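Quick one: the structure is below, questions incoming.
Which chain is which? They are A, B and C, in the order written, and residues in each are numbered from 1.
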Amino acid sequence: MAFIHPSSLLPSSNPSYSFREGIKSSAPGIQEHRFSPYADNGGSTLGIAGKDFTIIAGDTRQSSGYSINTRYAPKVFRIGGDDDSGTGAKIILAVTGFAADGNALKERLDSMVKMYKYQHGKDISVKACAQRLATILYSKRFFPYYTQAILGGIDEEGVGALYSYDYVGSYEREQCRAVGAAASLIMPFLDNQVNLKNQYVPGSGVGHDLKAKAAEPLEQSHVEQLVRDAFSGAVERHIEVGDGLQMLIATKDGIREIYTPLKRD
Amino acid sequence: MFIARSEYDRGINTFSPEGRLFQVEYSLEAIKHGSTAIGVRYPGAQLLLTLSILTRLSLKQVATSEGVILGVEKRVQSTLLETSSVEKILEIDSHIGCAMSGLQADARSMIEHARVESQSHAFHYNEQLRVESCTQAICDLALRFGEGADGEESIMSRPFGVALLIAGVDEDGPQLYHAEPSGTFYRYDAKAIGSGSEGAQAELQNEYHKSLTLAEAETLVLKTLKQVMEEKLDAKNVQLASTTPGKGFRIYSDEEMAEVVGRLPSN
Amino acid sequence: MNHFPHGWGRPRDDIYGPYDHTYLSHSQSSGPNQHTQQPAVTGTSVLAAKFKDGVVIAADNLASYGSLARFTDVKRLHKFGEHAILGIGGDVSDMQYISRILNELDIDENYGSTGNTLNAKNLHTYLSKVMYARRTKINPLWNAILVAGLDGVGRPFLSSVDLLGTTFSSPTLATGYGSYLAQPLLRKLAETEDEVANVTREKAEKAVREALKVLFYRDARSLDRFSIAVVTKQGIELMEDEQLEGQSWAFADRIKGYGTQVN
């Protein structure tokens, strides 16, 4: 008995028309796309660690395809705060990629950081939180959170700390990192301006004799301006970046937020 | 006494009208039959603080002069017994260890749990588990006996019959905890458990002071054990372990035991 | 999120290339169990806009089966409690399932002494967890939902959630085809949250009704009968049998093949 699956009577995933079109497919069988549990909601984030501060920033646009879902959907979060607004938090998490996974990851890490304080009677360190985030990501190794995360705060020595991750939990402590849609635009800028890559001491020689400029700790106000410049540059060249810039700055006194508008085109 | 209590001995988690859980109370009795175990935290700091002024030691080095000494009696029943196989002090992690008194076999599952918890914490958080958290993790196990609540699986038919002295070091320095089968725990400067605990605790109360050194603490533990032990104390029927910021938890070797026992005034 | 609910949640061909069907078993009657991979009867756009005292939300009353206008009296706005309402696009059977679980939730809440105190914000959080949990089980509820009403402190609330569990909010929102056609028009009302304070109920309602008309002109799976609701502190005003007024089809008689004119 020939079995006619109901799906063959249903509209295909392609735009359908009022006349019936024969199904054209090189592969035999049922014409169907499987459900994909992932989406890319665009946007970009970056983090820079300083001598006694860490800045993590992200644009606030959320998009799907060519559509802008909203002009204000934060990608940078306070972790382990006392209330909804995150007061009392000391750790910053930024996530790009699939927004729903990003939110789920944020909520999971936040609740674990709160549980840590109840169980061990002290605030979690950035180092411990960084490892915990890695194990959370790896625990979904075969159905990953489709997010690229960066985590920042102040370490136990009072120095700015920044960690960056891949989808499945590989991580590393770094001085600076750009992540997301415009990472390839922003990262070279940070390499040059933060780590002084390809900058040489003028007149120090020719060819191999050129002396590379040594990277030294940057002032907080200088880093804030670098972040603004990085994003206004990314906005010009990437369609998924724009609308607003959210900057969270962790110091020994806690986390401060600065919002600046970006171009909305 | 047993006849009066029997009605409330049936259900293991049944309160008596006076609000007591008899099986838990009996489990505390089991410990009173156990071999004596003693823990002493020696602050060391005060004594060395004066030293530090003289020798210009840094404060960090001063802090490392404190620690915890654990000691147990082994109750060697037979001359044919290989005394090294009596293990009443065990390592939980490189920075935490414990001494036990009571049903030794019960301690194995508690220590197994603590070891897993400690490794799990290091895996998830890239840092060592705190001593209090470790003690709490052990005590979380203590009341998981009886029928078990709806949907929750009970893992034990009766309470543990063993008490632990947990010695460890973390960012707050060396600490000594006492954990009971009732699931309660307290922190001590010096604590004795087991059959000789009453006499030993009184001795500790008298002898303990805030400027004990490592060597003095070792001697205090052995001297106290000696007073309450039935057998004559020697290097084979006692065991010591230390917990210090520098070396973490360490069980004394035979040579070290011989050295410390040799220091005791003979009588 | 585009015009075709059938394409929602699928990898985009322009990014990932066409799906390789050789991976699919030739017959679905054998092989592993499969969950819903496509919607059947669908509702089209839902539109909503915040104004200074509340929110307007609207959706037409059509349920389509592919290109067939299958059911023409389907109500896609659902009240929840005193100050929350949701508009659902996408699969209609999944919509009815969501409606049922929210009804059960409402009944459960009303058993308590305080009644149903869940506000629109609570409802949106709850729905987003349901939607995300279902996508994580690879068994999605094939819908795009707008939640409108008031939040815990009585401020206007408007937020969306889709079959992937993606959430976002904005002064104005539109799902499906409406995200292309209606949202750019609605954004003229208020570009930012601050501008919502200048929007009156009349302005918001007029803009939504106009946007529905534009959709009826250009979205082939839309209808001129619709439901519209206004949520304010006074409660929910829900009108379920509205007719699009003031249409102009004067251009139609100049188009060959339109209506009764064949050649």
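By definition in this document, a contact is a pair of C-beta atoms (placed from the backbone, for glycine too) under 8 Å apart; a residue touches a chain by one contact, two chains touch by 3 or more.
Everything numeric in this text was worked out from a predicted model, so none of it was measured.
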Farthest-lying chain, centroid of Cα atoms versus that of chain B: C
Identifier of the chain whose CA centre is least distant from the whole-structure CA centre: A
Whole-Å gap between the CA centroids of chain A and chain C: 29
Distance between chain centroids, defined by C-alpha means - chain A, chain B (Å): 47
Interchain centroid distance [CA atoms averaged], chain B/chain C, Å: 64
Residues on chain B engaged by chain A in the complex (per definition of touch): 123-127, 130, 132-133, 136
Residue ranges of chain A in contact with chain B within the complex: 116, 119-122, 124-125, 127-132, 135
Touching residues (chain side chain C, partner chain A) in the complex: 1-4, 6-7, 9-12, 15, 19-22, 24-29, 35-38, 40, 66-67, 132, 135-136, 138, 140, 160, 164-170, 179-180, 183, 191-193
Chain A - residues contacting chain C, complex: 3, 5-7, 10-18, 25, 27-41, 62, 64-65, 67, 69-73, 98-100, 103-104, 143, 264
